[in-house]
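Both of the next two complexes hold subunit A, though its partner changes from subunit B to subunit C.
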Partner chain A sequence: MTYRLRQKIVPYLFLIPNTAIFSLFVLLPMVYGLIFSLYNGSFVQGFGRFVGLANYIQLGRDQTFQTSLFNTFWYVVVVVSLVLVLSLTLAVLLRQTSLGSSIARIGFYLPVILSPVIVGVSWRWMFSTDLGVINALLTEWGRTPIPWLTDVHWAQMVVVLASVWSMTGFYMVLFIGGLNTIPPELYEAAEIDGATTRQQFWRITLPLLTPTTLLVTILATINSFKAFEIILVLTNGGPGDGTKLLVQNIYQTAFDASNPSYASAQSVVLFVILMLLTFFQTRLAREN
Partner chain B sequence: MKRVSVVMAIMLAFLGSAWAAGDIQVVWFTEAPTEQGIFDKYVQMYEKANPGTKVQVTYVPFQQLTQKLQLMVAGDTPPDVARVVTANIAEFDPVALDLSAYINPDQFVNQFLPSQVPYIKKGSRIIGAPLDVTANGLFYNKDCFDQAGVKIPTNPIQTWTWEQWHSAMDTVRKNSKCRFALSYDFTTYRFSTLLYEAGGRYIDESGKKFVVDSPESLHALNFFNELFQDGYISKGQWLSGEDPSNLFRSGLSAMYMSGNWNLSQFAQITNFKWGVVPLPKDKIRSTVPGGKFVMGFRNSKNPAEAARFIQWITSKEINLPFSKDNMVLSARKDGKTLKYGQFDDEIALYLDDLSVTPAYVGKDWSNPAMAKMNTFIRDQIVKVLLGQQTAKQALEIIQTEGDKQLK
Partner chain C sequence: MTQSKLIVGKPRPGRHKEHSLWFDILVLVLAFAFLIPVFWVILSSFKTTGELFVFPPSLLPKEPTTSNYAAALTTGNFARYAWNSLFVATMSTLLALFTNSLAAFALAKYRFVGRQLLFLLTLATIMIPLQVIMVPIFLVLKNLGLIDSLWGIIIPPAATPTGVFLLRQYMLSIPDEILEAARMDGASEWDIYSRIILPLSVPALATLAIFSFTWRWNDFIWPFIVLTSEQKATLQLALARLMGQFGVDWSTLLAATVITLLPMMIIFLVLQRYFLNNLTAGGVKG
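Moving on, here comes the complex of A and B:
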């Protein structure tokens, strides 16, 4: 083998283990899911009958799927916006290293290391309409209990709050890391020029944090699309379909309704949405 | 060389002990904490009686049973034996182990109550064996009823009408320490008790058409919705996954619509006295019969031993004491006279409710379409409770979807 040929082949040889793992655990299930979505299959009888695009056509008429898709979009928009604003605010406030801010940082980061199931159970314990601590206190004080988890709008609010609470600490740390890369001389120069704190934030901090902000947006968006455990434990997607997101609908279609082919079709739709989002976000990042 | 052969011999011996020819893998679901200990005892008895066999049991909570079996079957690694409910035996029928190759079919089937036979006998195939019969039933908190001065009917023939039941719950709710009138399991199965009592049904006699959109079913769904809207059933149970059993066991609910399988777990309640009340009646008296079954799977590792285990656990010598330990109703014909030592009066009430239940109720639930419709029906009921659709609209939607499933 000539040197030139070897030089061409060797990099690909190094790629083989990674490619093999990626193909086996990511690519193969994806292709399998795509093919399975074109069949009328079940867990018991395998692929079953070929139905072409019938599962996708049915999605257009499926109200539960459309509700879960709509819920997913508003959930992602609200959660990502709140996470961005809150984590950035906390990072700016806790940027200085002092004992107080270190303790506060630990406090805000703590929810991140908790299991989502624990988060769901704790919030349920607080907000349960019938047995929750908050409603017990309200009743004790002579106030009317609030239907936290049994009214669609209240339940949506609780789900968003619980998700934001569990995520903010992680993104706060990313923002603190981003803030530490901004040279302090810029602030000193701005101060000498008479810039106010607000002007410093809008003219220095925010523009220089753009890469971190983009990273946080991409990560928070993807994580919000995948939100499942907290909501499952907290409301089980209820009341009705009020807090049911696409991932939960896919799970219930596959396992409760025993219709894995139709669930695969929904997964393909989710995959396309995530792919488009990632494409636009990456493009935006490149332009910046 | 000698050392290599010794190592190989040890490895072979290890592999042999890890999976001997007679070993069986069992998936056993549990609904009450007491069930695991009881089944462990019977597993030990089986292993003692069959020294060459090791029974490896995987316990799963009931809520995870279907998913566990679906994934095992889809991965072509089904267990040898599984404890299942009526909906599962219909779903896994195509991959079920046909026991008729290992037993005398007529003699085997003839041991069990006729109501359970349609679930296991599919033409010439025998796809499982019934372990016990279940019946929906109504529990009540004696302390709260005594405190409110409300008497409960003891004779099933003179049971409450729905109006009397409603009025009793109203009095107890206002005059006792119980915060909620009624806990109600979040299942289509439990809701259906009202539907059948009102004279409704899901599928017609031919088994080919849904007939749930009827004035009787409408009356049942409206009554259930009223109980919910008026706060007799606390909203969290059907809207946000609040556990109805917990509400009753903690003494917060005056009544609980569930079923006979709770007896052994409720025996451990010490903070209040409880009992079973005959199911109230509307147009007719009815419960919803169901059952637990054991079944094998065609592609499992040890079908012959699985068939032997299924025969053993459903035999008279084992099934009757097993039913007594679990305080459940045996599915064997000779189990009717079984005495439990405690709860005999409560069990008599369940048996009485079962005896007056029309045959079409069991026929509805042994239809595979009901297994597929279960969650769908429950979702439609929830939409009525949320005011997103009327009871009439829900029944029309259920009927249309049900007819699709039957095609």
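Moving on, here comes the complex of A and C:
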């Protein structure tokens, strides 16, 4: 084989393993799912009958789907807001390089490396109605125990808190990275001009941090839309459908109700939401 | 006043220096409080079954015991699940290192038709999460006979776009002259990959290995969709199944939880700089 020919063929050969896995397990399923959502298919019989957009039209009348979509939107809004405020606060607090803040940073990051299942288990153990330490403390202080995971509103709160707890450390580190790109001279100049710490935060830190804030917002939003496991372990979507989110509804529609085509249509909706978010991310990133 | 301030000119990051000790104590207490859910699980896992149900619970175990761990590993079958998790995480990481580094090498060091397109495609798929293709991937794996096989959760996630991206960026910094010199000496392209590129990329490969292992060890959705039989379950799947049962057996479950989180905790504490610095890699879970 000549040298030139070799140089032309070799890169394709090197790309084969990765591309094969990728095509078979990402691209093919993408297309498969899109087509499958236009059919009346099942796991046993395959595609079945072509029904066009019937699955999508049915989504408009599906109470459970709409509840899960509504829950997801609320969950995303509350989780992302809390994560933003908390991770930025921690970043400002822990940006300096003292021993204490370095160790604290590790501590706040640790929940990020715990699996979602473990996050769910730990929070359920703390908030268990009859065995949980929180209710034990409440009783000790003479208050009535709270049905944390069996009352809709409390369950929604615990689910949100557990999610925020598991994500905050990661975005804190992103914010610390962003803070370190702000030139220290700006603060020195502001101090000379007599600006208070609060003014420095609102006038210097926050405006110059905008690219990081956007990145964090988008990443946290996308990750929250994908939430599933923590809630599965904590409440299994209950009580009722009170904490059921989109991904869990897709799973249950496909595998518990054995309606994969209908679940595929819901997946396409989720995909479109995620794509729109990604699109806005790239647009905003370009403008900054 | 401004004049004197200018002359004294406090050095950065001296803005917070004056309350350093109290500040350190404060943030450490906050971080400790933040981790209470983890500490509480670990403390509880050493309590006897009887003590777990005593009200009000004591902070420390009164008679610390490891019997919960023995129960989890023997009767609870958690030794089996731990082996499955270890096997899956290790094999999937090795496979990812191999396929991703080959692809990254091609994208970083060769000029060929479609290179730009393939690279952009790789980046675009970072945004396709498993949650979106959950249903069709089950159908694909079913047709391939990979349902309820550990290989069904080892192979599919191996082509991580994050890994390709990370390795490619690193390989771009390897000078082309080294590769050219090797070619002059008659080295084959495979030799160049295995004897030059791989050894020079060890830092990036290590980063990918750490993240890949963490992702696969913590993975729940893949096993949840693919694995059906009890013997094949990974730790995460077994834990979630125990939680889903009516009447949770907390004593075994808490010990099993600690067994599951311990490897990650050790990896994290030993290699924390990888996690706290390499944000491009950790940014999107693979």
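One rule holds in what follows: the second predicted complex is superposed on the first by the 257 of 288 C-alpha atoms of A that agree within 3 Å, B and C clash if a C-alpha of one lies under 4 Å from a C-alpha of the other, contacts with A are read in each partner's own complex, and residues count from 1 in each chain.
Everything below uses one rule, namely that a contact is a pair of C-beta atoms (placed from the backbone, for glycine too) under 8 Å apart; a residue touches a chain by one contact, two chains touch by 3 or more.
Because the structure is a prediction, the values reported are computed rather than measured.
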**Asked** Are subunit B and subunit C a fit on subunit A, or do they clash, once the structures share the same frame?
**Response** clash
**Request:** Could you say whether A:P147 touches subunit B, subunit C, both of them, or neither, answering first, second, both or neither?
**Result:** first
**Asked** Can A:W202 be said to touch subunit B (first), subunit C (second), both, or neither?
**Response** neither
**Message:** With both complexes overlaid on chain A, does A:A257 touch subunit B (first), subunit C (second), both or neither?
**Reply:** first
**Request:** With both structures superposed, pick whichever of subunit B and subunit C touches the larger number of subunit A residues.
**Result:** C
**Request:** Look at A:P239 in the shared chain and tell me whether it touches subunit B only, subunit C only, both, or neither; answer first, second, both or neither.
**Result:** first
**Message:** Quick one: is A:F50 in contact with subunit B, with subunit C, with both, or with neither? Answer first, second, both or neither.
**Reply:** neither
**Message:** So in the superposed three-chain picture, is A:T97 touching just subunit B, just subunit C, both, or none of them (first/second/both/neither)?
**Reply:** second
**Asked** Regarding the shared-chain residue A:E188, is it in contact with subunit B (first), subunit C (second), both, or neither?
**Response** second
**Partner chain(s) touched by A:A155 [first = subunit B, second = subunit C, both, neither]** = first
**Request:** Quick one: classify A:F70 as touching subunit B (first), subunit C (second), both or neither.
**Result:** neither
**Fill in**
So the subunit A residues that subunit B and subunit C both touch are 43, 131, 236, 255, 260
**Touching residues on subunit B, where the partner in the complex is subunit A** = 66-67, 70-71, 73-74, 91-92, 94-95, 180, 234-237, 239-242, 247, 252, 371-372, 375-376, 379, 382-383, 386, 388
**Complete:** The residues of subunit A that touch subunit B in their complex are 43-46, 64, 128-131, 147, 149-150, 152, 155, 235-236, 238-241, 252, 255-258, 260
**Complete:** In the complex, subunit C touches subunit A at residues 2, 5-6, 9, 12-13, 15-16, 20, 23-25, 27-28, 30-32, 34-38, 40-41, 44, 52-53, 55-57, 98-100, 102-103, 105-107, 110, 112, 115, 118, 122, 125, 127-129, 131-140, 142, 155-159, 161, 164, 183, 189, 193, 214, 217-221, 225, 236, 239-240, 243-244, 250, 253-254, 257, 260-261, 264-265, 267-269, 272, 275-276, 279, 282-284
**Asked** Considering the complex alone, what residue numbers of subunit A touch subunit C?
**Response** 3, 6-8, 10-12, 14-15, 17-19, 21-22, 24-30, 32-33, 36, 43, 93-101, 103-126, 131, 133, 136-137, 139-140, 165, 170, 173-174, 177, 184, 187-188, 191-194, 219, 222, 226, 228-229, 232-233, 236, 247, 250-251, 254-255, 260, 263-264, 267, 270-271, 274-275, 278
